[in-house]
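Shared chain: chain A. Partners: chain B in the first complex, chain C in the second.
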Partner chain A sequence: MTPLLEVRGVDKSFGPVQVLHDVNFQAHAGEVTALVGDNGAGKSTLVKCIGGIHPIDSGDMLFDGAPVHVHGPRDAGELGIEIVYQDLALCDNLDIVQNMFLGRERRSGLVLDEATMEELAEQTLSGLSVRTVKSIRQQVSSLSGGQRQTVAIAKAVLWNSKVVILDEPTAALGVAQTAQVLELVRRLADTGLAVVLISHNMNDVFAVSDRIAALYLGRMAAQVKTADVTHAQVVELITAGRSGDLGLKNGVTP
Partner chain B sequence: MSKVKELPGEAQVEAVRQPSIGHSVRAYTERVRSGDMGALPAVLGLIVLCTAFAIARPSFLTAINFANLFTQGAAITVIAMGLVFVLLLGEIDLSAGFTSGVCAAVLAVLVTNMGMPWYVGVLAAILTGTVIGSVLGTLVAKVGIPSFVVTLAAFLAFQGLVLVLVHEGTNISINDPVIKAIAQKNLPPALGWALYAGCVAIYALVQIVRARKRAARGLVADPLSLIAARVGSLAVIGGAAVYALNLERSFNPAFASLKGVPIVVPIIVALLVLWTFVLRRTGFGRHLYAVGGNAEAARRAGIGVDRIKVSAFMICSSMAAVGGIIAASRASSVDPNTGGSSVLLYAVGAAVIGGTSLFGGKGRVLDAVLGGAVIAVIDNGMALMQYGASVKYLVTGFVLLLAAGVDAIARKRASAAGLR
Partner chain C sequence: MRAGPSQEDIRRHNLGALLRHVHLGGPISRAELTTRMGLNRSTIMALTSDLTAAGLVREELPRETGRAGRPSLVVRPESSRVYVFAFDVGPDRLAVARVGLGGAILDRREVARRRGPFELEELAGMLAGFARQMRRKTRDDTVCVGAAAAVSGGVRKGDGVIRFGPNLQAEEVPFGEELGRRLGLGLPVSVGNDANLAALAEHSRGVGMAVRDLLYLHGDVGIGGGIIAGGHLLGGHEGYGGEVGHMVVNPGGRACGCGSSGCLEAEVGERALLEAAGRLNPHPDAHQGREAVRAVVDAADRGDIRAQEALKRVGDWLGLGVANLVNIFNPEMVVFGGMLREVYLGSAAQVRTRLALHAMAPQREKLRLRTSSLADDATLVGAAELAFAHVLADPLEALARVQG
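And now, the complex of A and B:
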């Protein structure tokens, strides 16, 4: 099966510091791919390269098997790649519908088409089986952290995205809310999207992911099926870049 | 691993399908409790102040004094309406008072000194305001100077500009009958009633049509009882006001009759409707709230934050120009003090007392009208009590501080409630 999103041999430097070395990464439709790695391993940089925020120095990017060039966030958006950032970027003083359509409001003539936006927002949320909000006209300031994450994710889904990248969606959440968001992440993949989940939390990774890609000091240590590895192996990949037969040989990709 | 087992998430709730009026009342009390008081302090303040002044000075309740309240508060209310736009972004325009002075001086110079027709003067004054706003907005948004500093500098500079325009302190009188009529003449009583009936009917129609359309699409619509309550309260309050303003208020009616709704009232209502529409129903208004709530989120959503900021300052200064025209009309003259002394602080006070937040993201144009009414009542009532300027300033300063305090505490409570 062709991966929906694939990057090959990506290098990226910021001045004299090379952050990504020859990184290969794949994300398949209908699967959750966990992207793990220690602080500074290059997870965020890789995601920002995919999202068009940083240009890549060399390497290829393929979307649905065809080579593509992403020169900015707009290009990524047009391909159907949406990134949900850790700091959510929601306006507290607006309600859920207003936030989901922010910057892309539906209009009929001069005025905003509130009814259509409300309908579409409701369809999207119920399509994701989100039933934890009382009213979609609720202000975001009155939502819990988990509900906010849900709104941010639903916002990414609203635009017919094909790839949704989530940057540590559960980092600031409690136990119940984490469960709620992970359930949503799983549902996204089940509806056929390619989901990339950046996480530090091994429990989360093993709870929802189908594949795990481990970065170590800017190199892709291994990309494996979640079912084939153990908790301890993944931790070794993150901290040492290798685990038994898996991972880097002498610090380089085999 | 394709399905996560059902983990206990947050309590799942049924979406509200058919809200009753009781539901709306509960939702409102919940909002007030969580710190979003909206217009409540202004309305309560108005009731308390009016009762106190009416008891202390029965002349407060006379028809002539009631009409005076509108003409006294009009200029400040209009300037405050413009300030709401800037305050929504979390910025401030300290020069709005003297902007109104400069624009009034432009009007006076054109109409009185150069003999231009009134509409040329009015257009030039408003255009001057727009240009001033675009300069202030550009300095804030593009250059990045804090609005506090930019407008404080403009506050001083415009004071000088007014002096230049009125030739170092002369007083330019305004004799044009149309401009004088704005704040000094009244509508014929019949026209007042007709406008009132039209406003209530249109408001009712808009509310019912919207509810019908939403209900037809299966969305949550306001219940008829709530709409009836809204329209009914507008009809009662508006009707009482028009009735009172249509009472004879001349001391000698045989000599000169004085009754009817002051012309500034429909002007304020029209501006209120226009700007409320812009803020609540257009994409520009939505983006303004978004920038005020979280500028970074707005930027990531593809909104031109700088453009929104410059537009807000342009609207603010243009409205200040309209306020200046009303002030010039009321005084029949423009002097170096037009738009000076307490005008700016009264206008900021009006917006904040009405419920517009100084922290941005929260506020309505209606706030300016409610707050303007509170300021006008204080100003007027204190004068009737024969307190001097000293006590007036002290009381108004205290009220402004109180309103800002309520705003700050409400914000704290709201963020505490948000983190539940």
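And now, the complex of A and C:
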């Protein structure tokens, strides 16, 4: 099966510091790929390279098997790649619909097409079986952490996106809301999207992922099927870059 | 000896199949039914008009289709007119729902149950009372076509007797008969095991739709299970099948309510988790049930080491149990419901580690692990499906009987 999104041999340096070394990464449609690694392993940098925020120094990016060049977030958006950052980038003083269409408002003539936007927002939320939000005209400031996360995810899905990248979506949430967000993450993939989940919580990773990609000091230690590995192996990949036959050999990707 | 199904048998089968499409799939156009059922247009028309005349479905013009030509009529279930009563008897809660054809919950009552002996008459009386209250609020043209109950225990298929229910403290209780008598609707009450029915619910309306081989694990005080194999619930010879909670995973382990020891239920159930977390309080009014389980998962998330260890331990046993079941049944999906939803999400690393170690590679390769999408309604929804079963088997006969 061709991965929907693939990067090959990506290098990235900030000045004298090389952050990514020859990184390969794949995300498949219909699957959740967990991207794990210690602080500073390069998770966020990799994601920002994919999203077009950082230009890559060398390496290739393929979308649905075809080579593509992403020069900015707009290019990534056009391919159908959406990233939900930790801070969510929602505007507190706007309601859910306004947030979901922020900067990409629908117009009919000179005025905003509120009815269509409302309908699309409603459809997206119900398509994701989101029942926790009372009204889509609610201001975002009145929402709980889990609901905000849900709105940010729905906003990413609204644009017929094909790849959704979530940066620590459950980090600031309580148990009940974490459960809802994890189930939403799983549903996104079950509807056919390629989902990339960055997380430090091993239970979250094992609960919803199909594959695990472990970064170690800027190198991809291993990309494995979740069904084939144990918790201990993943922890070793994260902390030492290798585990038995898995992972880096002498500190480099074999 | 019969040569084959008669015309009448075929018609009955087709009526049931059409009604099942509308009941489970919701409003659907005649044209769509023609393709799905592989019957010709005039047959579909004859079948829908029979069902319409019986008052089970109605036909409407669709909203603007935006396409040329005369639009095909849409067949809808008569959800507000034709309904069943669904009951749920769990260790900690009693619930009654009035569920319309098509699966919509039209009305419901729920009360907490105090853990204690199973008082048949008091309990049946209370449930029947709730149903009567709901019935009084309905319009005159509504019709109740069935009733069924989900109970946390082993139920004999033939007569709805609860044979054993350690967590309800019920043994040899003729529950179906008593509830039917109290309801006074002239309808028999079907009774099923709650986890079996929740499995059916997830299979027909939940996360396992279109999944033909599914394993459902239900956590309450104990651990129940339902196995869907090839699209059918595995009930066993007398209906006691699927008791995955009493699979022995740890010989000589913790004592189980069933009299054995080391059962999956004894190692994974509420009591095991609370005890390991140092939160077991024997006082009857103490924090117990779902709330207490949630509190452990919550504490673990906040960094409580004892709670984390307890979840790890329980997750280990749960994973071992699931690995055994996956090896035997090769399901496409395993669904965690009831309190196991929280337990799975809080201990997934352990559960999947055990699967990686003990489940065989071909069986785990395409296995999907999911949490219940019907959540706390799964058992009620399953009971409603059981109550509708005879209507879907023979729609006209079932309706004639209640309107008789």
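Simple rule for what comes next: the second predicted complex is superposed on the first by the 254 of 254 C-alpha atoms of A that agree within 3 Å, B and C clash if a C-alpha of one lies under 4 Å from a C-alpha of the other, contacts with A are read in each partner's own complex, and residues count from 1 in each chain.
Keep in mind that, in the parts below, a contact is a pair of C-beta atoms (placed from the backbone, for glycine too) under 8 Å apart; a residue touches a chain by one contact, two chains touch by 3 or more.
Small disclaimer: the values here were computed from a predicted structure and weren't measured.
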Partner chain in contact with A:226 - chain B first, chain C second, else both or neither: both
Touched partner set for A:243, first chain B, second chain C, both or neither: neither
First, second, both or neither for A:107, with chain B first and chain C second: first
Touched partner set for A:207, first chain B, second chain C, both or neither: both
In the superposition, chain B vs chain C on chain A residues touched: B
Which superposed partner A:182 touches (first chain B, second chain C, both, neither): both
First (chain B), second (chain C), both or neither touched by A:137: first
Touching both chain B and chain C, residues of chain A: 176, 179, 182-183, 186, 207-208, 226-227
Contacting residues of chain A [partner chain C, same complex]: 129, 174-176, 178-179, 182-183, 186, 202-208, 226-232
Touching residues on chain A, where the partner in the complex is chain B: 85, 88-94, 98, 102-105, 107, 110-112, 115, 118-119, 131-137, 141-144, 146-147, 176-177, 179-180, 182-183, 186, 190, 207-210, 226-227
Complex interface listing, chain B residues touching chain A: 1-4, 6-13, 15-16, 34, 213-214, 217, 219-220, 281-283, 286-287, 289-290, 292-294, 296-298, 300-303, 361-362, 414-415, 417-418, 420
Chain A partner contacts - residues on chain C that touch it in the complex: 294, 297-298, 301, 341-342, 344-353, 355-357, 361, 364-365, 367, 369-371, 373
